[in-house]
Structure formats: structure tokens, C-alpha cells
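In the two complexes that follow, subunit A is the common piece, with subunit B as its partner first and subunit C second.
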Partner chain A sequence: MLKKKTQTKEILNTKLLINLDILKERFSFGLNNDFSIRLITAKFNKHELCLAYYASLVNSDKIEQTIIQPLLEQEGDSLFDVITAESITKIKELEELDDHINNGKVVLIIDGESFGYSIDVAQFQHRDISQSENESVVRGPKESFTESLHVNISLIRKQIRNRELITEVQKVGKRSKQDVQLMYLNSVVNDQLLDEIRSKLTQLDVDNVQNIELLEQFIEERPYSIFPTILYTERPDNAATYIDKGHVVLLMDSSAACLILPITFWAFIHNVEDRYSRFLYGNFTRLIRFIALFFTSMISSLYVALSNFHSEMIPPDLLFAVTAARERVPFPLIIEVLIMEIAFELIREAGIRIPNPLGPTIGIVGALILGQAAVEANIISPIIVIVSALSGLTSFAISDPSFNFTVRITRFIFIISAGFFGMFSLMIAFTLWFMYGASLKSFGVPYFAPLSPTYKSNSDTYFRKAIKKEKWRPGYLLPKDLQSSRTFERGKTK
Partner chain B sequence: MKTISLSGLLILFILIGCEDMVEVDRQSYVIAVGIDVTDQDGIYAFTYQIANPEAGSTLAGIGAEQIPDETITVFGTDIMTATNTANSFVTKQIILDQTRVLIVSEALARSDQFLRIMQSTARTTEIRRSIQIIVSKENASDFINNNSPVLEQRPHKYYQYMLSRAKETGIIPDADLHRFFQITEGDADLFLGIYATTTYDPKELDGSEDEFVAGQVPKEGGNVTQFMGSAVFKEGIMIDRLTGEETRICNILDKTMNINEMLANYPDPLAPEYQVATDVFQTDNPKVNLNYDSEMNHATIDVTVPFEVKILAIPSLIHYSQNEDFKRTLRDAIEQYITDATDELIKKSQEAYRSDPFYWSIYIRRHFKDIPAYEEGDWHKNIYPNADITVNYQLKRLHFGKMLDDTKLDEVRD
Partner chain C sequence: MKVDRRLSSFEMFTLTSILIGIKLTDTTPSLFSQKAQNAFWYIPLLAFICILPAFLVLLYLLYKHNAKHFVHLFELLLGQGLGKSLAFIIFILSFVMIALDSRNYVEQIKILYFQRSSILIIFVLFGSVCIFGAIRGIEVVGYTTRIFWPFIRISFFILAALIFESVVWQRIFPIFGAGVPVILEEGVSKGSLFLDFFLLTMAFSAFRKPSQFIKGGLIGLIFSIAEITFFFFLYTTVFDYNSIEKISFPFHEVTQYVNLGDFFTNIETFFMVFWLLATFLRFILLLYLITWLFGAIFNIDEFELLLLPMGFFLMVIGLLPDNAVVTELIYRNKLLNIITPVIALVPFLLLLIHFFKRKKDLT
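After this line comes the complex of A and B, so read on.
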């Protein structure tokens, strides 16, 4: 970094011919088919000038109508009077020139001037806004981010009409410079947090960070951790909710999602719809989801622990059913459980990779037929099919893809640990797992906050409060403005 | 270093792994254990009733006809080692985890060997403390072999339903292993075991429904096994047996026992040749008020038992519901009847047993400074047999059911 600053910066020449040579060399003109240079003589001052741009990144109609046509036909005192495009900036350094051309701008260089003009005519291709597929809701906005930064910012700004909503640009990547947009509420967000994120981004020493999915892995604190510490969401309304609370949202071009940080454990269990549904309905869903979390991580391992080590804990009817089912099965019980769990994971992975939209259907049908046949052939017992189907099915209730992996890997850890000493080792494994989770921090925020350690907040952990009673921003973010609603208090004083 | 410690950890896991693990299908689950005396001292006959898990299973590949259980008898000195002997002809490891009942023959229960053999059950972790102790009139092995329920063929279901229903009606006590040790070690009170038999010895009918011990209940059809009444244990030795009615009274007076409902007949006070059918239920625990005079080592016990009665049938067709005098007579008669029966039982316990089956010693313990003082006071020998006991039944409410009036006999037969 220091080395570069001491280097003298290369700048543009006053002679157009020299500048043309520089351009042609820098952008491999002729070899790089995409790079275009157009020479014109301007009508207003009779000077020669050139336009340099990437043909694939710009809107050619716009170049013709707002630049070329006026230059050829219009009279005027200066360039600014002639060109009708909405934004023009002066650039001097060659590095700047690279940047602007790479970002889809037209650079205009006039003979006799030692600087160029950059005109924004960029048109990056992207998908239309579509429905959110991975985080679908019944009640609530359906739109999701798309692979265009501008569209994504506008989707968020649509929901927060506030001049304090800042979109700050940070560049990442040494060779390919990509924009990372930080979005936050200036009057709420904690400055130290912002500085930490900024420094993490500027310190990145990599050639290219293509998208947000890779950026997440570059900036997270513990890459080997089983728990995710950054929330990845494709819903603009979700992002807006978190911005309102004082979180920071990271956006990048060519990612149909955003990153939200810092984040706690609860964000992975919660779903936006919990807030969109009425108090009771939302909390009912939460209850179901926590039951699902318990089942998906524990039920197979509990089955292993109880039936292999503590058969006295199983009521006789169930025990005899398990025993009768197991009498003709060749494998030990724990192998049987692992077979079915791995089979389920295989079907799941195959289901994702099978071309749309038949995938899940074929997967489930495959599972049923496979399970049925395996049971009839006495390879596995029917109880296992129930157990693994239950644990597999409930895993879908954990909608966050990262946390879903956490839970699924955890399940295998628990099954194997239950195989050692039964409930005893299962509880040891669970305690260690939980202790590790509690020790984590996401950008300085304890993972299980505000449950432990406690902070002033809406205590939106297991269950949420009625919307009217939510009057705090989460205290663990140390926001500049802790109180988010004053209506409730006013109502009280009256 | 890291790899070494990691692989060390892994090896550790593999070496210790799966210790204690038993596959469910490699165990034989014993539902009932029977213990009998043999001709030799210190050698007992242990009978194990082993459940067949495949009985009643609808899984494909299992034959339709599966016998529900297998009963075996082996000889040994204690329950645990006898299971090992049994493995010479039982294919799987014999497990007592799921055992529901411990059946002891009356002969063994009455001998002083009983407490010795019971000790091992307290020591092992395998036997649950909630096992019910059943005293059978005949040999325990005969009891298990003769017991052939038709509806609940699977033995664990049979014992579960049979005991829980009989307990709800109060004709047998709650007699788990834990209570046995609690009372026996407490050196006060009498432990009541469940009394049952498969031998049929019907008693003459006299209209009452619960003045029987097991085996005496007249019946036709059904299983030969009867659970009725209780075996009285004093200091770990059986001394007597109580009828179903006496057991009910014990259950009513003991606040550690619960009766959900008990259907009982009482002589009709206005037409003694008939009986009044009632459903007696206890809404509150009995209030035991115990006053202890430490100088005289003498206790006065006042017991108030609130209860309610639902009239189920009045075959005499007397209009008790409409006439206040009749109603009062009925109330008094029911109270009197129960009080008489209770007094009789208390008298028997004070004079013959010289201890109480109601677990009342818990009320006197707080009057003593420490355990030696309590032991010196001696509930068994001194306090209880000489205590002044009054039991007061309070019939709080009399329900007459859906229909107040019975059929008017003279109008029907005119």
C-alpha cells in the first residue's frame, strides 16, 4: 500500500495521439474485441476527440443520442453545453480512466486537454426482479434482490425513505475492482462497527471478489466454524428491517442477495414472516420451528442413545415394536441410522442438482420407494424410516441455508457421539456444541445475545412481543439511538 | 503435535467406544419375576415371564401366530445370578429393566427369608423401584403359569391395565418396591402388598361387593387370576391379609394413596333386605390431627375424612332424594357403616397387628427431636397400640344422578 502511494501517478497527455496510443496499449485494442474507440471532430470547437468504452457495458443508443449526435451537430461554448448526458466527471489519472471504462462509462478525450471526461452510459445486463424462491412467504412482499446493485439499492430505499440511509462504496479486489455497498442508517449505526467493517474490506488482499457469497467467506472471523456469523438473505424487506435496527447491509453487483452483519443465533431461526403474521400466529410458527430444530438435530441421536444404552427408558410397547422390527435387520442400530441419514442427504443433494422443477418431487418419490423397498428387504427397520424421515423433514423448517447445514452436520455429530455412551456422551456433545456457540461473536456481538448476555432489546429470542411493545433497538449493537418507538410510552403517560 | 493429539483422541474414542452398548434385539425382556421357596434353605426358585416382542406385531415377515410370552423357572440364590443360569436355555441376555411385577408366594412372604431375598433388588440398578409387589396365595410359578388373560395377551399390558384399574378402585394397594423399603426401614407402619391368586375358592354371597380376598370373588368366565385385598407386612414379614374392603379403608385413610372412584354397596337403612349402590369419591386428603404427649408417650389421633357419594341405584325404590328425613337417614347410615368398618379395622390393627397400615407415623415424627428419640418412643410397640383414635367421616355431598325420582312401584303395578 505504502509503495504505491510514493509512485508518481501516470496522467493523461495533452496530445490526443499520445493519449490514443496509451489507451490502445492499456486496453489491448484490436486484440480485445470488446473495446471500442470512436474518433470525431466536434462541431463546437473543431477539435478532434475520441470516445473510448466497452461496447458490451454501455447503452449504445444513449451514446448516439446524448454524445455523438450533439457533438456533431450542436454549437456551444464548452463540452458541458453540448453533451446532453446526465453526468459528466473530469478524470486525469490513467488508473481512474481504467476504472471508469471498466464500470461501463464512456471516456471522452479532447485534443489539447490533459484530462478526459467520463460520461455515465452504463447498462449492465441483469435479471428482472422475481419472487424470492428460497425464502418464500405467504404473507409479505414477494420481491427479491436481483443481480444489479442499482436495482437492489432501490428495492431497499423503497422501504426506508430516509435521508439518513447511507449507501457507502468500498472497493475490494486488487486486480478487478468491485464495488461493495454498505447500507446503514447514519444516525443509528455504531461507528466502531462501521470502522471495523470498512477496515476488513480495505484489508482484503485478493485479486478479485466476484460476489457477496465469496465476500462473506473473506470477511467472517472463523472460516472453520460450524456456525454462520453473517446472515445471507435475498429479501429486501428483511434487509430493510435489519437496517432499521442498526445493522449494516453489504451489497454487491452480480449477487441476488445481501449480507447482514453483525448477527446473532436468533436471526437464523427467525423468519420475516414471524413479524408479518399477527402476534399469536407468528409465535405459533416460532414454537413449531423450535420443535423442528430439536427434532432435526436430536431425534436420531436420541433414538440411538435410548435404544442402545437406555432401553429401560422406552415404554414397553414402543420397545417391543422396535425390537420386533430390528430382529431381522443385519446391521447394528447406529449403522442403520447412519445409512438412512446419509441416504436422505444423498437424495437431498441429488434433488438440488437434478434440473428444475422435477428435482424435489423425484427426490421424495425416490426416498419413499427406496425406504419402502429397503424395509421390505429387511435391510433397515421401519422405525428408522420414520425417525430419519422426521429428522429430515423437520430440517426444512430451518430456512436459512447456512444454518440448515449447521443443523445437519450437528445431527451427525450427535448421532456418532450418542453411539459412544448413550445419553451421557450425547449430553457432553450437546454441551460442547452449545458452549462453542455461546463463545462465538459476530463482529463483536455475542452469538446468543440478547438471551445471554442480556441487553436492552425487544427480547426477540424464542418468541416475539406484540409489535406495539417493540420499542428498543437491539442493545448489543450499541446503536446511537436505542429507542425505536415512543408511541407506547406516550400512551402510558396519558 | 496437533495430529498426534488428535489421533490420540480418536483412538481414545475408538477404544472406549460403545462400552455398555446392547442392541435392543439382543435382550429378553422379563415382565414378571416370581420367587418361591424350595426345600433347600437359601435356594429359591425364580420364575421369569419373558415377553415376546413379536407377538401382536403387524410387521411383514412375522408369522401371524406368535406366543406372547415364555415362562421359565430356574433355581438360585438371588434374582441377578439366576438370570445368568437361565441363559443356559434362554437365547438372549435377560433384562429386568422392564419388569413390572415381583410375585412372591405367600409361603415365602410369611418366612423370615423374604427380607433377605428382597435386599438384592434394592442393590441393582436394573430393577425399577416402581415394581409392584404381589403376594400370591399359591406358588409364584403356578401363579404365572396359570394366569392366562384372554384380552390382554401381552403380559406387560395385562399387568399395566390390571393393576392400574384395580388400584383406581382401591381394592388393592399401591405396593411398589420403594414403598416397601421405605416402610420396612422406617420401622413403623405396615406395608401392604397386593394380594392375588389363580386358585378359585368362592365365598358365600352376602350382597357386599368387596368383602373378599383374592380367589374368593364369585365369578363365571374370565381369567382365573384375581387381584383383591392386600398382604400385610410387618417388619418385612407377612402377618395377615386384608379384604378388599379393608384395603379400601386403608387407601382412604392414607394420604399417600389415591383412589379415583370406588363403587360400593351399603345396606339400605330403611329396607335392610336391599343394598344402596354408590360411587364414593374422595375430594380431599384425610386430615390427620395427631397430638402427642411426650411424657406419657401417648398419642391421640383425630382423623377427618371428607368424601362425597353419588347414588347409583336404590333397588328398594325408596324416595331418598325427595324426603329430607330419609336423606338424613341415608347419610347417617352410610357414615355409620364406613365408620364401623373403619373402627373395626383400627381395632384389629391395634390389637392384632400392633401397628397401622395407614402410614400415620409420618405425623408423629415431627414431635421428636431426633431419630434415636423417635426410635425410643417406638411407634410399633408403644405409641400406636395405645393411641386413642377417632375417625370422623364427613359426607359432604350426596348426588342423586340424572334422575331424582325412581319408578313409583305402586303406580306401575296397579
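After this line comes the complex of A and C, so read on.
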């Protein structure tokens, strides 16, 4: 059916009246309230013509000033001399017509011509650029993406002033055709990678992909994996940094974020600010973040393992404190830990969904219930409050929302596994968890590259090098140009 | 995108180091000290010197013939029938060896940390981590080893630093322990300590370049032997010959001996974590290699499907011996002595055939 359709493409007619009927039928004129058709007689050639557009998608002032007014008043040889709008394209097929009107363009059809003109007057409504909320920084640009493709592209272009920065468009969705913009540096990015992404996008056989968040789930390799393999960021500067390295950025209208791929494990731990801060400060932050990663995924399970199975490891004084605190608690230790961890997750989820004015209330109630009342009622011991607060708070140091989930789910896996055989089963779970991660690939790139397997790169893994020493693009991306800095070559300074 | 995901020399170095170096933590030192007494600390060095030429020859031949692994090399030089039978003998020997070895490690976990648990359950857990880890493939084992290697070594280094104050240098005397002939005999007959490296040559083709395998492997061997000798030396000087004979697991004994300041007095669990990690990685690798060997002998390309039955059989054989003492002092000791001539002489046999064949080709 679909094949047949593409074979015989329906095209516009030379008679305006027929074209008008086609238009009215295709766009359910009359029923569809914001679809508008305006009939005019042009002054320059005395022909009748019609303008078709969605009133909600276009800038009506612009239509008036750059299209209608000139058509009614100006003389000229052709349409191009009359209309003052900045871009006009000819269209012939009805499918194209649909596309253009859906994308907020005005389609102009003149009697006697078998094609139409599409004039760009789109004005999609969107939010203004605001501060990044989920990835805030102290040092560095504060602006974040907004739900408009044009604005987002301009935010990236602002940081890479290079004619080789390509914004390639790919259509996804069978019924509602959405634009996906691929942004990359043409002279750097690997062609095979681009082809792979393009074919993934064109192979998508779904009616509608609304935004980048859904697109991520459509194009990732392992939908059931606990680890994310595509980076989601709302910071244009972050996107620009990755484009510079040879990654590909995907943008869509109506998403205040972009996707970066391929990606490695390290990207989820790193933060743009690590590079904005000076060498030592940035690496100190990294160290803190790794400690946070360890605490948030391990501390509760370590507490279960140590106090249940290896209590000799805990120094006697501390052990007495722990046992004294647990004396009147009826639950087994692992249940106690799980109660607290689940309670923390509940507060967290409720905190996100709660209407803003109520926000502080839940914090107070939550803290009061868990921290004070539950301890006094001997449901949990004070030590557990410390442990789960530590593991809960440190989880916020992992700023990437996807990886944050990874860590939080992992925490539960580890707690339960530590309940079986203490350290032994905890290490089993950890080894298998880690090896699963190491076996992952993001568009062909091993997850723990460049630490292992090794590639020529800036070895930006646990810690970063001084900016001056960063000379390479990541070799695992197979970039066309591996070297990114030639200023400080060995022995000479240009 | 086709990124080269094969392993490189550093991964080889860490794999060798995990395979060989970790032996310092098991019952090997007490096995050696039964005969050699306080001179057992340099027996690995002697064994290494005895077995090194064989390994060099093997690596040379693998490189020269551009072989995929040692079974392939056997087939190239000895013909299909003979090559495969020889490989099968090595398979049987190493299979039993790995089974006993895994029993040894499971016993350690049980005796030291879970006295009241059933050996079967510990073995099942241990077996499952090996199977599910190995199923991820040799590359992933390599990456994981490479990433954890520094942490494992740092923990060993901390242990060595902490025990240093208990060392009494004079305990190495008499330097020849139970006498030169005994030591030489022990040294020569325990070359099979390095059987694992022989198995590791199965992974010869998993590396980016053969030279990286050789480079990483040799440095890894030298590093491991230095590490083993150093730790054995520490055991001798800390425990002296009378007690080392009676201590089954000197590594764990040392971890229980040390303390970190006055506050942390029992930190063995800290070392146990890294030791467990290393042990898992070692047996994941061994299980993968032995299954690969089996697959290579019987021309099974998708040998990774055999990991589960192979792991199961290893566990069953590992469970057969009655207790740790029998496993260690009778079966493992005998097996080590049997394996040594096989792995020490086979490469030379191959070398002879190699030269003979080359001469024939030239004429």
C-alpha cells in the first residue's frame, strides 16, 4: 500500500479551484479550526492565488507585511520580485505540501501554475532560554536548551563558529513527521558512525516520535539494560564540547535537551564543570564524585554485609554503638535497611511530583517521620538513618538523570545480594554487574573505553589532564582528525 | 562503527598477573614448605627459570606460525590426529587442575569466612559467578581485569607494607632450608605452577598484535614471579619454617595479623574484597580458557555455549575430594608433578619438528 503510494506521487494541478478542493479535503478545512485559506488577486499578474497555513504555527504579522501587502500593492515580473519574505521554495508534490504546512510555512498556489510556493513564516511557540536546572554549574555558562530547534541550534553554533559544523535533518515518524537534527563536525566525525545513526533513524517504523526522550529509547541498542548508552544533556556547552571531540548530537523540536552519542561510562560521571575549573579543582571534584558513587551504590550494602557477616571488621567501640542502637529494633538488619532505602526513594519520587508550593512541606514531614519518629518508635535504628541519608544524599552527586537511576537500582541489587553471603555474595553481584557494564557498547564503542580497551585519547577517565596537555580526540570514535591541539607539541611552542 | 575491541599488551600483562600472581594467596606456599621448609620462598623462582625456556619456545612458535592458539599450533606441526590428542591430554590435566584449584579457593572462602555454611552452596555461587562472568567473553574479562588490577595490587601492596614491621630477616637462614637437592627437586618439579600461562596462549588471537601478547605476557610473568617471590619471602620471615608448614593459607593469616593503627584492628575483610575480586577474575578466565581449549579440540566454534556444562563439571569434580588437606597435599601435589614435564617438554618437541619441517621445506 505504502509502496504504491510512493510510486505514483500525487502532484498539484494547474487549476486553482481543483487545488483548493484538494487542500480543503486534505486538511479538513472547516472542521479543522486553525487551518486557514486566504484568497487574493495578485496585483503584479492579475491572477488569483491562495495562501494556506495553520494560523497557530505562523507569525501573522509577517504574513501580512511580507506576503499579503506586497501581493496586493506591488508590481513586478515574478513572484520572487514581489514577496519580501526571506525564503521561498517551490513545491510540487502533495506530500511536500503537507510537510511544509505542518512545519509552519505558508503555501502559496497561483492559478495556472502546477506548483506551489512555500514561504517560511513559522513561529512555533516556545519557552525562553532559561538557566540549566538539572545540571547547574558554579563556573561556566548558565544557559540551557529550550524547546525550539532553531534556538537550540543557534545556542550550539554560538560556541562552534565553524562552517564544518553541519546540521543535517532526518525525518522520523510515519504519520507525524518530525525533524531530527544531527549536528556534527564534518571534518572530524566518522562516516561509518553517521551512516549507522542515519540508518537507525530511517529504519524507525513508528507513527510518531514526539521528542528526544522517546527517540533515545527507540535508537538505543539494549532497551532492557541497566546502563544508559546515550548521554542526555540540557547544556549547549556540553553538547558543543562533545561535537568538538567527534561525537554526534541529536536535537529535536519540543525537547529542551539533546542526545549525544556514542558515549562511554565516563561521560556519566564527568561534568562540564570539571573542565571549566582549574586542573586541581576539577580533579578534586572528580575524586569527590567517585567517592559519592562508591557511597551511593555501596554503603548500605556494605553496612548489611559487615554487620551481618563480618562484624569482626567493625572496631569494637563502633560495634557496641551499632548493637546498642539496634537493641530494641524488631526487624532483621536487611529489612531495616530496605525500609529506609525505599522510604527515601518514596520521598524522592513524591518530591518530584509534588506541586511546587507544597514542596517544603514534604521535606519537613519526610525528615520528621523518618529521622525522628521512626527512630523513637524503634522501627529503625539511628545508624540506619545515617547510612541511608548518606547513600541518598550522595546519589545527587551523580548529576546525569539516567545514570542516577542506574546507581539507585544497583544499590538495591547490592543490598539484597549482601544479605545472602555478606562480602562474598556482594562481590559476586559487583563483579557480574561490572562485567555486564564492560560488555556494553554504545554504537560500537566499548563502554569503558579509553581505560580498557585502550585507545589514543586524552585518557580522561578517573582524572583529567591539564588542558594544555589535551592533544587528542578520543581514538575510539575513529575521528578523521585525531589531533585536536598542536600548540604545545613536545619541545616547541608555536 | 567498527572499533577495534581486541585486547592490548597491558590487558595481557594484567591477565597474566591475575592468573599467576594470585597464587601467592592460596595454599601453594604451604605445599612448598612441606618439603623445602624455610627455603620455599625462592622455589617459584627456580620453577620459573626451569619453565621459562619452554614458554619462550612456545611463544616463538606461535608467532612464527601465526597460529590462532596452541591447539592450532599443535595441528600445524603434529598433524590433526596427533596434535588434537596431545591437546586433549593437556585439556584433561588442566581440567582436573582447575577443578582442584577451584576447590582450594572455595575451601579458603569457607574456612576463613563462612565456617558454618555448606561447601556446596559456596561452590554453586562461585561456579555461577565464573559461568556468568565468562559468558561475557574474553575481551570483557580482559577489560575488567585491566580496570581492577591496580586496586588489587594496591591492596596487596598495603598488606605488604603493614606486615613489614613483623619481618625478622634472620628467618631466611639456613638459606637452603632442607638442603639443596630437595629444593632443586621441588623447584624443577613444580614448573606446572605456570600451567595457567600455557592455557592463556589459547587467547593468542584475541589480541591486536601477536607482539602485544608476547610483550605483555613476558612482563606479566616476570612481574608475577617477582611478586610471588617477594610475598613468599615475607611469609618465611614472618612465620618461620615451623609454623609455615602448619599454616594452610598464609596470605589470609597475614591479613588477620595486620592492623591499621589502633582503631582498625581487624581489617582482613578489606583485603578479602580485593582477593575475592582477583579470584573471581582468575577463575572466570580459567573457565573461559578451558572451554575454549575444549572447543578448539573438538572444532566447536560456538564454544561459549559450553561454559555452563563445563563450569558444572568443574564444580562436580572439585567437590569429589573429601577435604582441603587431601586436595592440597595429595591430589594437587601429584598433579603438579605430572603436569610439569608435559608443559616443559612439549614446546621443545614442537621446536624440533618445526626445524625439521623447515629443513624439509627448504630441500
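To be clear about the criterion, the second predicted complex is superposed on the first by the 475 of 494 C-alpha atoms of A that agree within 3 Å, B and C clash if a C-alpha of one lies under 4 Å from a C-alpha of the other, contacts with A are read in each partner's own complex, and residues count from 1 in each chain.
Following the convention adopted for this analysis, a residue touches a chain if its C-beta (ideal position, glycine included) is under 8 Å from a C-beta of that chain, and two chains touch if they have at least 3 such contacts.
This one's a predicted model, so the numbers in the text were calculated from it and none came from an experiment.
Identify whether subunit B and subunit C fit side by side or clash on subunit A in the overlaid structures.
Here the two partners, once superposed via subunit A, clash with each other.
Which partner does A:Ala321 reach: the first (subunit B), the second (subunit C), both, or neither?
A:Ala321: touches subunit B, not subunit C.
Touch check for A:Gln192: first (subunit B), second (subunit C), both, or neither?
second
On the A-aligned overlay, A:Phe421 touches which partner chain: subunit B = first, subunit C = second, or both, or neither?
In the superposed model, A:Phe421 contacts both subunit B and subunit C.
After the superposition on A, what does A:Thr454 contact: first (subunit B), second (subunit C), both or neither?
In the superposition, A:Thr454 touches subunit C alone.
Tell me which touches more residues of subunit A here: subunit C or subunit B.
C
Just subunit B (first), just subunit C (second), both, or neither: which does A:Glu376 touch?
After superposition on chain A, A:Glu376 lies in contact with subunit B alone.
Per the contact definition in the header, classify A:Glu312: touching subunit B only (first), subunit C only (second), both, or neither.
Both partners.
Check whether A:Ser439 is in contact with subunit B, with subunit C, with both or with neither, and answer first, second, both or neither.
second
By the touch definition at the top of the document, which applies to A:Thr431: first (subunit B), second (subunit C), both, or neither?
A:Thr431 sits against subunit C, while subunit B stays out of touch.
Go through the superposed model and pick first if A:Leu333 touches only subunit B, second if only subunit C, both, or neither.
In the superposed model, A:Leu333 contacts subunit B only, not subunit C.
Tell me which region of subunit B runs into subunit C after superposition, given the options 3-11, 363-371 or 381-389.
Clashing stretch of subunit B against subunit C: 363-371.
Could you give the residue numbers on subunit A that contact subunit B in one complex and subunit C in the other?
The overlap between the subunit B and subunit C interfaces on subunit A comprises residues 309, 312, 421-422.
Quick check: in the complex, which residue numbers of subunit A touch subunit C?
Result: residues 190, 192-193, 196, 262, 306, 309-310, 312-313, 315, 421-425, 427-428, 430-432, 434-436, 438-439, 441, 443-446, 448-449, 451-455, 476-478 of subunit A touch subunit C.
For subunit A, which residues are in contact with subunit B within the complex?
Its residues touching subunit B are 307-309, 311-312, 316-317, 319-329, 332-333, 376, 378, 382, 419-422.
Across the complex, what residues on subunit B touch subunit A?
Residues 13, 16-25, 27, 29, 31, 51, 53-54, 57, 59-62, 95, 97-98, 126, 128, 154, 156-157, 160 of subunit B touch subunit A in their complex.
Touching residues of subunit C toward subunit A in the complex: what are they?
The contact residues of subunit C facing subunit A are 1-8, 10-11, 109, 113-114, 117, 122, 125, 128-129, 132-133, 136-137, 139-144, 146-147, 263-270, 272-273, 276-277, 280-281, 284.
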